């Protein structure tokens, strides 16, 4: 079905409306709720043909995706210069929005809305987020119970509620429209199948069921919720109550650790140990290979078994790793020494220490911290990221509850290195205990402002957080320092504290392990390099093997942006925020599914992109065209995939389009 | 002379109003109209006023006619679609009813059957046009009528409505659609009314000033809060508040008389809406010098 | 956007107690109002009466719902009835797919301005098929006016608000202001008498 909501007005009407108008610019809506099978729609061309030789010139014919999307269309309107009238080809929603937004300009409706209900008695009928024939009149007093699931309001031409009129033909067709069956005959047949009689109650409709003030309130609430903090974003079920009260616990030391030489953005570390070497806790295993690189260290004492390739949990390709057999003595290396007087050190010395201790961003991106704290542009604000916006995860949450002081101490160092005037500690409002824990220390850290923004995924993404807290827009292709800000994750700040005040390099981190069938879910402090199989055994016992066989997924990270793991001998890295064993959904995302242009992906993309084009061009293998829709700006938050009504595997298309862009460069 | 002729003659016209009961007991209301025979020139009969279900205007108008009293058939657009409206206009004509006052009508939610389906298939402007068309012998879709009606069409205007320009624009549309006379919403401010009439009278169509008898200070305050276009000045509210129960009617009559006397020079007539105080209308007219 | 409110508690309770239903809980319209917490509390209270619960998004998507019916085939076949918490579209789809089963709605459907799938709007469109927006400077008289008047306001405007509810702006007051601001009062003054054609809804509807 094609639920296009508008139809170009007839030629006579258009020529009457436009008579005397010499120039117009035209906005036309690319339509919604029809299978996304072609890239363009004919109305603009039809209009041009109508106006040929008429005396009205079309200055520009601008297509707009989902014209009624106020935020995005508003941006297009801002760009439009000229004061000639604007013709709008869209349904009534789009025209009204443009008219309201372009005060002072004449807005001309060039299209009529298309009636949806087909029922002059019940004049409106709403389809679902599907292209099926069923419609709902939103009457607020559902009668489907007594009609076996056939709506008498929309399907009966007279919207009768107590049985048929006498008008149906002998073959059960409606007197109003002979193509349609009599709804009450259908209802009767359906109820017979269910061995139920027609209801004996007398039904009378109540037309006053919607209180206007309630409706207005609901709409305001919805719009405010959608626009909170930044454009787009979604509110998935948080699923945090499984582990939010479980304090941090040390995960049992593993038999061996697998320490990847690449656990950071940039060049992999160069190994400085070899097979047979004895190593101690905190000892360097690999050295930085360049400016944007980081060393890796051992979290256990024992013997290096080998340096060989293992399955990397991010790239899912084989990459070199140092395999160490744990002697369980926990002998600490001599290099693990607290810095005696950090305040007396120069910036360069401090940065050197952070670099040397292998610190990287622990929110997932793993960017070398020492490079991040030395930005090429001046920075006025340090943002402490305690959002942890992914569902299930509580590692950062527990860290804030139990180690707020250390985080703040680490933040002080970071602030000093950045020469930032302001420090904002952001804790999403679903973590009250964490916010309170930080708040208790605020007298000792008066430079820190604690903010609890309303929870909305993906608020923890740098660009969204900066928009929400500072109302600054990181430019396309730019980085936070372009607008004077740096964002650091609380785990990263904690590791800065440990590096400076304990001398301990990054060898372990807090990880949330969870999933519906976990027997020991929790927030564990796990040594970097601990194999996933150890964790599955401990937290899921024997169940995990069966679950994986049944197609459950082991995700490293959160359910939205987490990376699916296929090799259980892969291991925890510096960016492992969580390990989740999740049930397979009944309906999985697939590249095969068809887009129906419901517009929800565009509605929720926090980077203001048009994800449905990635699917459209992706399916056709036109990766170049997909890339034209700013795929480079995508942060892969998966909000689009989460909300996609067709369950399209949008992330898969996005990743392929990005690869195409990278290969070209 | 009928209402139209009286207006043409320049006589100061007085119309009153009947609100039919919720039920069939219409006799007392016809009685009260009797008391004004010779004093009121015509009697409006309201159409499910305030969206409270009552006996219909059509039947009541017919009963008035049978008594030799001249009715004004009020027709709202709230309850009937264009078929029923045209049909009821023809019925009115067949009953000998000539004066038709067309109005949009209060919304159903304001009345005692808030669950009812509001119709508003036509509005005052389109209904006037349709009625004019019937008079020319054609129904709304152009079919020839077998026997055409004759009406004296009227409409309503609200001098206190803000923004006034918008009300005047609609008034012009009503005139273009066939309105030949107007009755206004209740007036309490003669100065404002004069200002309104300066523009409105230019349209050349007679406008009867509306008078509503105040029953209490509470009613005045209620109208100020809830009834669009009605502004009872403080002075009158204080007067009503100061009067004790027995005196209230007299004070009310006094206020009405003051307003009517003030209107004599501003408009060609008045329309009194007693709202249940039909028995006081003779006194009002006497106090106003009629 | 279709939003739902849980049905009168009495009705739903009767279904839960007498009809041992299998429950479909649709949260598909996401990011709009869906009384999930209320429904969950109710189902928890009456968990002994319920054969099973399927939490599904986009229940109105037939292909997806079909897969859920397969996945829960056992529970569904043994249940006396199916209780569906979703908008009317979802209930109709489930009813269509399970023609022989008693399918009952657990919610009443309401509506937010702005159609399905695209965010709630300030304005609404009544799908009339004969757009009036050129006459009114871009404010829909059918949806902005409680009485859907086409030729100007009624007498009920008070302080720019509709007689039906003081929270609601008078649509024609808004239209008047808009036309003034764009210098198009001629549209209001000169237009012909406007009347709606309800036959367009039958003739012109999406089939």
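Chains: A, B and C, in written order; residue numbering restarts at 1 for each.
Methods note: a contact is a pair of C-beta atoms (placed from the backbone, for glycine too) under 8 Å apart; a residue touches a chain by one contact, two chains touch by 3 or more.
Quick caveat, the model's predicted, so the values are computed rather than measured.
At the centre of the protein atoms shown, by the Cα-centroid criterion, sits C. The chain with its CA mean position farthest from that of subunit A is B.
The highest number of C-beta contact pairs joins the chains A-C.
Spacing of subunit A relative to subunit C, judged by their CA centroids, is 27 angstrom.
In this assembly, the C-alpha centroid of subunit A lies 62 Å from the C-alpha centroid of subunit B. Mean C-alpha positions place subunit B and subunit C at a centre distance of 39 Å. In subunit C, the residues that reach two or more other chains under the touch definition are 146, 164, 198. For subunit B, residues that reach two or more other chains under the stated contact definition are 109, 118. Counting partners per residue, subunit A has 209 as the residues that reach two or more other chains. The residues of subunit A lying in touch with subunit B in their complex are 204-209. Listed in rising order, the residues of subunit C touching subunit B in the complex are 146-160, 163-164, 172-173, 176, 185, 188-189, 193-196, 198. Within the complex formed with subunit C, the subunit A residues making contact are 1-5, 7, 9, 17, 32-33, 66, 68-70, 91-93, 95-100, 103-109, 111-120, 123-130, 132, 134-142, 144-145, 148-151, 157, 176-177, 190, 193-194, 196, 209-213, 215-216, 218-219, 221-223, 225-226, 234-235, 586-587, 598-600, 603-604, 643, 645-647.
If you check the complex, the residues on subunit C that touch subunit A are 1-3, 5, 7, 11, 28-33, 56, 58-62, 64, 67-68, 71, 87-96, 99-105, 107-131, 133-134, 137-140, 143, 146, 164-165, 167-168, 178, 181-182, 184, 198-202, 204-207.
Contacts from subunit B toward subunit C in the complex involve residues 78, 82, 103-107, 109-110, 118, 120-126, 129, 156-158, 161-163, 165-167, 169-170, 172-173, 177, 185, 226-229.
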